[in-house]
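Common to both upcoming complexes is chain A, partnered first by chain B, then by chain C.
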Partner chain A sequence: MNFDIGFIFQVVSQIVRYVPVTIYMAFVSLIIGGALGLAVALVRYYKVPILSQLFSTLITMLKGVPLILVFLVVFLIASQNFNHLAKAMGWQIRYGDLPMSALAIIGLSLMAMVGLSEAFRGAFESVKQVQFDAARSLGMTKMQTIRRVLIPQTLPVALPMIINMLINLIKGTAIASLVSVVEIFSAATQAASSNYKYFEAYIAAAMIYWLMTIVIERGAVLLESRMDKSLRRS
Partner chain B sequence: MNNLFQPQLIWQYLPDILSALPVTLLLTIVSTLIGVIVGAGIAFVRMEDTPFFKQVAIVFTSFIRGTPILIQMFLVYYGLPFLLNYIGVNTDNVNPLIYLFITYGLNMAAFLSEIIRAALESVPATQREAALTSGYTKRQMYMKIIFPQAMVIAIPSFATMVISLLQDTSLAFTIGVLDVVGKAKALGTATFHTVEAYISAMIIFIILSFILERVFHWLEKRSNYSSRQMPIAATNPVMPVIEHPKTS
Partner chain C sequence: MIEVKDVHKSFNDNEVIKGVSLSLNEGEVVTILGPSGSGKTTFLRCLNFLEIADSGSITINDQKVTFGEASVDEVLQLRRKMGMVFQNYALFLNKTAKQNIMEPMILVHGYSQQQAEERAETLLQAIGLPEHGNYYPSQLSGGQKQRIGIARALAVHPTVLLFDEPTAALDPELVGEVLKVMKAVKAAGVAMIVVTHEMQFAYEVSDRVIFMADGVIVEEGSPQQIFEHPKESRTQAFLDRFTVH
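For the complex of A and B:
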């Protein structure tokens, strides 16, 4: 069997149309996971009783679970129970009609929540205690302090970790293909299944992922330098 | 209907799934060792500015960091026999574990090389100069001055990497290796209680990660204590922990 460079390009042109699916799954998970992560981090930062301990245990546990197991369990539970649930609720929709990417987003969001809640918690520490005293002396409520003092200063600090998480989510979408989500990786497998040129197909898929990561990393560098500038101006 | 969720099965399955634990641990340990050795090589090549090898190292690291480990695994699994057959080596009887060692080992190497480099560079250059002017050879300088301090600095990031490697090994079942997840899958397929089996596997991973985290935490504390007694090391600016939480 000879190495077929032409086939690599052929596969690239076939699977490149799944790039939007991957980016969509990664971005939606980043937003959902980011919102949940921020909430968890705030609860733990302000040491809200009961909830704080609960989240801390939850995060410690989720940190230890590999993404593939989360996917497998989410998909199995959905496939076994969704039809019963839909029937009980009187919905017209069946498991077969569910978009598989939506189920993958559940798993990816959990992963993003775990990573980002730790990132935010670390970034909160960069805000000095005197600022809270200052905010209180100005008569700001707790919510105002969070919105106007804590979060604006946290985001630039957490940005590198948010970008890192985005890249991890994009890589995580490849794992989603193991649970019947059609995206870049499974499209490459599909393309090679007729002629067994798996090596070439996976090279094509690797190139696409690599390119996406490089673009995101370059974009992040630009974004960070702009943020630095705007921070220095203020 | 016998496939209702039965929580007590989670505990019943645990011993069976634990029997596959050595495979997961073996994968983690061997890959970490390969990663440390190759990673140190990459870090060295990049720090010493070796021409050509430095460029290769940069591209390699970027590739590993930019692609999912699942793809890397399949590239090695399909690519290595392809290349070996090309030069006439028969790969029919190769244990799939070998491919996994190579994949996870190289993956670790790329990530660890960054950690090692950052840790080595965090030892102030003045100390190198001081060591060389006091008549240390380069080898002595590394062994006695740089490494002891860099190792302490690298522990937290190293711990993050080992724990994420442990989780990455959960993908080994995709090429037919019976690790913890593979065993859970096999057990679940046989009994139709797959969810319970996977939850069992989850518990094992949670406990393993927790133990690893505690061990590294203890190591970190211990090494901080010993470095506090060395006045030179204690005055070093402490490098911020570089987190590379990666999934796959």
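For the complex of A and C:
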């Protein structure tokens, strides 16, 4: 087997243009999943009746299956039911018009929601009871307390786990190739399909993933050190 | 002006407050003394609804609220007439000293940013920390944090300030600076209910001293009465431990 270093760089130059697709899918999923995860964590933290039991069951179910299964279920449900739904709602859009990346984002958002809801729940526990006493004694409402005290004190604690999730999402986008989204991984596979130099193509893909995660990790370190200053525990 | 009637509070089957009543005139300072476990901190927390008392009522100015029946709005209204100072300061860790003081003014009492900032600066000056507005709690000493805590509670002109062992977590050399601020608060005419072990402060500053044990008020009177001529044997026994011969 000949190892073709030149081909690695050829593939890199071909697939690097799909970096924005990957970053886009990962970021949008992080934001949607983060918002949902925060809502789930708040409901469970404040033990909202019915909803908290419901969410806890949902999280356990989603946590218990591989990501690929979530993807395929989302894909199946959407492909079989979207047209009925669209008709019933009177929308013009049909399944065939949907960007496949939207389905990937749904799958990845669910994964992010599960991971981040647990991350937030853990971080909530780090906020001391006396902070809530203070907020209540000053006459702040529950929403004000969540907005001004709980969330600002939670974010720096949860930040490493949020960054970790972003990296997982970036890697998770490779599964989106299953639902025919062209992204880094599938582009690399395609590039090798004519000459069968898969090994080189995979290395090229790995190099791109490494580069992205290294940049994110460096950025995270900077962000953490800035947040650390204001939130050093007393 | 402040009337607390017949407060009862149990945790599970253990009744810790067994019918405590208290009334307070405008600008009056009442100190609550008592051994640990006597229920004095719980009583104070009940007044501010940080613990929900089982029965009893509290009236501040014209607002009367019955414990156990109060709506969320009533509780918020009542709390907004009180300020509370905690043993472990309870400053918001994610905010600077000045932001801590401004928070209730802007968020709860509708001050403008500018009004709140001006008042915060006046208060920082008054507590002797004019240069420390931009420090985070983690950068301040215990005494400084507690002074900020008092300023925050005082910022919105409460009818009464509740102090829960404000000097108990402090190094001895930092107690003085906090007591000095508390004396200034009294001089400004704000009523205070103070749970403390600072006998000197209780003696010098209070208008009235209450001795609590086992969830009831054992004895109540002027500082001279309580410290110099306690009637009850439990009061005597408690005070004897603090007397320096």
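To be clear about the criterion, the second predicted complex is superposed on the first by the 224 of 234 C-alpha atoms of A that agree within 3 Å, B and C clash if a C-alpha of one lies under 4 Å from a C-alpha of the other, contacts with A are read in each partner's own complex, and residues count from 1 in each chain.
One rule holds in what follows: a residue touches a chain if its C-beta (ideal position, glycine included) is under 8 Å from a C-beta of that chain, and two chains touch if they have at least 3 such contacts.
Bear in mind that the values here come from a model prediction, so they are computed numbers and not experimental data.
*Asks:* Applying the touch criterion given at the start, work out whether A:144 contacts chain B, chain C, both or neither, answering first, second, both or neither.
*Replies:* Only chain C; A:144 stays clear of chain B.
*Asks:* For A:136 in the superposed arrangement: first (chain B), second (chain C), both or neither?
*Replies:* second
*Asks:* Classify the contacts of A:152 with the two partner chains as first (chain B alone), second (chain C alone), both, or neither.
*Replies:* Only chain C is touched by A:152; chain B is not.
*Asks:* Name the chain, either chain B or chain C, that contacts more residues of chain A.
*Replies:* B
*Asks:* Once the complexes are superposed, what residues of chain A are shared between the chain B interface and the chain C interface?
*Replies:* Touching chain B in the first complex and chain C in the second, no residue of chain A appears in both lists.
*Asks:* What residues of chain B sit close enough to touch chain A in their complex?
*Replies:* Residues 3, 62-63, 65-72, 74-75, 78-79, 82, 163, 167-168, 170-171, 174, 181, 194-195, 198-199, 201-202, 205-210, 243-248.
*Asks:* In the complex, go through chain C and note every residue touching chain A.
*Replies:* Going through chain C, the ones touching chain A are 48-50, 76, 79-80, 82-84, 86, 88, 90-94, 103-104, 107-108, 136-138, 140, 145, 152-153, 156, 162.
*Asks:* What does chain A use to touch chain C in their complex?
*Replies:* That would be residues 130-131, 133-141, 144, 148-149, 152-153, 229-234 of chain A.
*Asks:* Can you tell me which positions in chain A touch chain B when the two form their complex?
*Replies:* 1, 3, 60-61, 63-69, 72-73, 76-77, 80, 111, 115, 161, 164-165, 167-168, 171-175, 177-178, 185, 198-199, 202-203, 205-206, 209-210, 212-214
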